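The structure under discussion appears below in the form of structure tokens.
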Amino acid sequence: MDKSLQELADLLHGSVTGDPGIRIRGMGTLETAGEGEITFLANPKYAGKVATTNASAVVLSAEANNHGRPGIIVANPYLAFAKLLTLFTTRPRTARGVMKGACVGEDVVMGTEISVYPGAVIGDGVRIGHRVTLHPNVTLYEGVVLGDDVILHAGVSVREGCRIGNRVIVHNGTVIGSDGFGYAPDEKSWYKIPQIGVVIIEDDVEIGANAAVDRAALEITRIGRGTKIDNLVQIAHNCVIGEDCVIVAQAGIAGSARLGNHVTLGGQVAIVGHITVGDNAMISGQSGVMGNVAPGEILSGTPAIPHQARLRSAAIFPHLPEMRKSLHRLGNRMTKVEEVLEQTKSRIPEGSA
Amino acid sequence: MDKSLQELADLLHGSVTGDPGIRIRGMGTLETAGEGEITFLANPKYAGKVATTNASAVVLSAEANNHGRPGIIVANPYLAFAKLLTLFTTRPRTARGVMKGACVGEDVVMGTEISVYPGAVIGDGVRIGHRVTLHPNVTLYEGVVLGDDVILHAGVSVREGCRIGNRVIVHNGTVIGSDGFGYAPDEKSWYKIPQIGVVIIEDDVEIGANAAVDRAALEITRIGRGTKIDNLVQIAHNCVIGEDCVIVAQAGIAGSARLGNHVTLGGQVAIVGHITVGDNAMISGQSGVMGNVAPGEILSGTPAIPHQARLRSAAIFPHLPEMRKSLHRLGNRMTKVEEVLEQTKSRIPEGSA
Amino acid sequence: MDKSLQELADLLHGSVTGDPGIRIRGMGTLETAGEGEITFLANPKYAGKVATTNASAVVLSAEANNHGRPGIIVANPYLAFAKLLTLFTTRPRTARGVMKGACVGEDVVMGTEISVYPGAVIGDGVRIGHRVTLHPNVTLYEGVVLGDDVILHAGVSVREGCRIGNRVIVHNGTVIGSDGFGYAPDEKSWYKIPQIGVVIIEDDVEIGANAAVDRAALEITRIGRGTKIDNLVQIAHNCVIGEDCVIVAQAGIAGSARLGNHVTLGGQVAIVGHITVGDNAMISGQSGVMGNVAPGEILSGTPAIPHQARLRSAAIFPHLPEMRKSLHRLGNRMTKVEEVLEQTKSRIPEGSA
């Protein structure tokens, strides 16, 4: 496949500088790209390399376009890079149908151009959209619904009745719809509360490997459109996650918590149950959030406090031993001063001043 | 299915108030339940809604029974709710036998009324009790023993020789009996210590999705009767977990640690190896426990300290910068005072007082 | 199987004390070993038991060899124990070939003496070395390469094009080569950056259960020779992990981080992206490392600081409330002293001293 610079500019909603007819058949970095390849400048730190790259064209921002090289001017060169990488590296998908070694239950409805690999098991009453790929050893329980263009990687389980939107990607080993962790105390023991809700995953969500999203106790655990979830993340029952959130690896969200839109949780963050995290909030890695978070807040630490305040306090933490010693010494000096002052006062002659 | 109020009261060990013959065929919340349905009042905050619910009967405590509505009086309404939910939502289990696409090894002993789904693989010499369900792509290695009424969800692995009691539920992707993490230093490298012990899981244990319970080095990693373990929990080799413990998601317990009975570990807690946590101890989320814990202790933080003390110190943590400044200023004031005092003393006439 | 004491000494690179012809057919602890068995003394605390053990021989260090019992003198008795345990407990491996219920794609090259269990799915173009074991429900995507003597346990996935060296063991449910977590901001949404790199796992690596190692965005995520990784560990895209590292359960390493050789990460440690951790560094459990770590450093806490300093500050943390009160009281005393001193000064007669 090759494309003219003009065709690429159209794809990227950018404008061409130089010859729009230059043919591009691949891409590389400023160092590695050669003749017939396009590269990009996202970080101004590397602007000097635009002059010396062997690439046939460069994607860059208007401000950085002062090198006289053929190229495409875009608002967001990093996004453009991602789009070009997708263009040049995505292989056309081949629908393989239901392959030998896959098992399909009763009353299953399947769209066109699907691939169901060996070892995939589709339960009764499942509905699958068009162009869906089920990799080996995927399990769909009874009544699962998958939209169009869904990719479930090997070993994924989707439990009974859960529903997954269009263009959702779930990586290997992830579990959607396992029972929520709910028990009623029964003297010293625990009585299991049936978890009869479901999980709904909206369009354009991507979930990493070996994550777990529990089904709701009674209603719906929901992952909002466009949200991206990394490996080994735990999402408990009844959580409602907004749109376009980013949840980094090993974070955990306890039951019935609600995240707004465009929330970022760093790696290993813990969100306690039944709280609300506002739109655009950011929680730094390993933090533990114990209460509601206002929109746009940036928190860190356990318990989480505003990020800048936490950095200031954390910087002082290593000085605690010297602070304690100072405090002790000051106490001694104070006692001494108080004694001396008392003696001094008493030595001033009667009637002075 | 429907039941009389009296039948439900018998099931719940409660007593009827109003007409014991009222027929109940389902349940709902105080807001959603209607004619023919029963609801419950567990949280006194919602007591006002008992008067206005459309439910035909209400489960509540003796203290809350002042509304004159038909109902069932029980000691623990929340537990009663869980039991009613189980009654009204559990579908009768259909034994499906060993389905096409499942693989059964040699010398396997299986009880009656089992379901073995496609993709499940049963190793040689495995013994399986009655009414067991093995979902798709479950793997039982050689010599595994399962009790009665066990449910292993899709993708669960049980490794060689491990034994699981009655009524145990294991959710998708969880691994029972992987090798413990043990190596002997061999100059700069690591020599693997064979992990030849097993895991024993006692009756009525439930384990969430994508958790890992390692086999012992030489003897037994044990999970005690009735203990509930959430998703993504790590239990290392040689651990002995008591009965009726609750271990929340992403907690990790290092090798040879021992938990008593009815211990609670919050999410993302870490327990170091070779320590003992006493009965009824509670460790709050994200805490790191570095030493033995006495029965009934409530700890938090890393390293974990008594929970109340930790809350008090955590509340002061954000004030560290101002404390350090205060300390510095106090030091300066002290130096000034000492100087002035010295001068003052020296200005007092000889022989005064 | 039995061996003479001399044969065992040769295996352990040790020297015999006593009759080299004694026959040994098994092993046990100092308490449990009996006639015909060998035991070992690794911890000097148990030296007293050497005199009373029923074992026919004892493995110990030269310094501890003062008991007159037949034995083998070695430099590292714990390593010797591991080697003897391997010798006496390892069953000979039986190659079972490609079993019924396994699926093999096109253009697959397989070595001799392999075992491929039911439910294992091998993609097109895969290459597998000699004496490899693929347990049930393992999935190898297209183009995967496995060395000799590799063991992949049930439920492991190895994604497209990833390469695994010789003698590598991967425990159940672990995922090698899932997509790295990379997105470009596209207004409020996220545009997926294709992850077209691979994972390379070098010889003698062992990885625990339900871990995740992401493929690189463009190039290689690498796990160095001899490194041991515990359960539920997250290794993000582009990481380069050195040789002989030890990474304990639930630790997470963010994208593009580099670990040197022989680095130890405790359980639940977090390493942020794009930093370097030097050779032989040790990070204690639950720590969060935010910047480069020099070779040999021992760090703990979040943000991580030198371990001893952290212990000292952590010991003072519970005293923060009393420190704050002391500080407040000192401030009050100081104000009082300053006032009194001012008054006192003013009471000294003019012209004094």
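Every chain is named by a letter (A, B and C) in the order it is written, and numbering of its residues begins at 1.
One rule holds in what follows: contacts are C-beta pairs under 8 Å (C-beta built on N, C-alpha and C of every residue); 3 or more make two chains touch, one makes a residue touch a chain.
Remember, it's a predicted structure, so these values are computed and weren't measured experimentally.
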| item | value |
| --- | --- |
| Set of chains whose contacts include both chain B and chain A | C |
| Interface residue overlap between copies chain B and chain C, same or different (over half shared) | different |
| Whole-Å gap separating chain B and chain C, where each centre is the average of the chain's CA atoms | 26 |
| Sequence positions of chain B contacting 2 or more other chains | 119, 137, 155, 173, 210, 232, 250, 268, 286, 301, 317, 319-320, 323, 327, 330, 334, 337, 341, 344, 348-349 |
| Residues on chain C engaged by chain A in the complex (per definition of touch) | 103, 119, 121, 137, 139, 141, 155, 157, 159, 173-175, 178-179, 181, 183-186, 188-194, 196, 210-212, 214, 232, 234, 236, 250, 252, 254, 268, 270, 272, 286, 288, 301-303, 305, 309-310, 312-313, 316-317, 319-320, 323, 326-327, 330, 333-334, 337, 340-341, 344, 346-349 |
| Touching residues on chain B, where the partner in the complex is chain A | 76, 78-79, 81-83, 85-86, 89-90, 100-101, 117-119, 135-137, 153-155, 169, 171-173, 204, 206, 208-210, 226, 228, 230-232, 243-244, 246, 248-250, 261-262, 267-268, 285-286, 301, 314, 317-321, 323-324, 327, 330-331, 334, 337-338, 341, 344-345, 348-349, 352-353 |
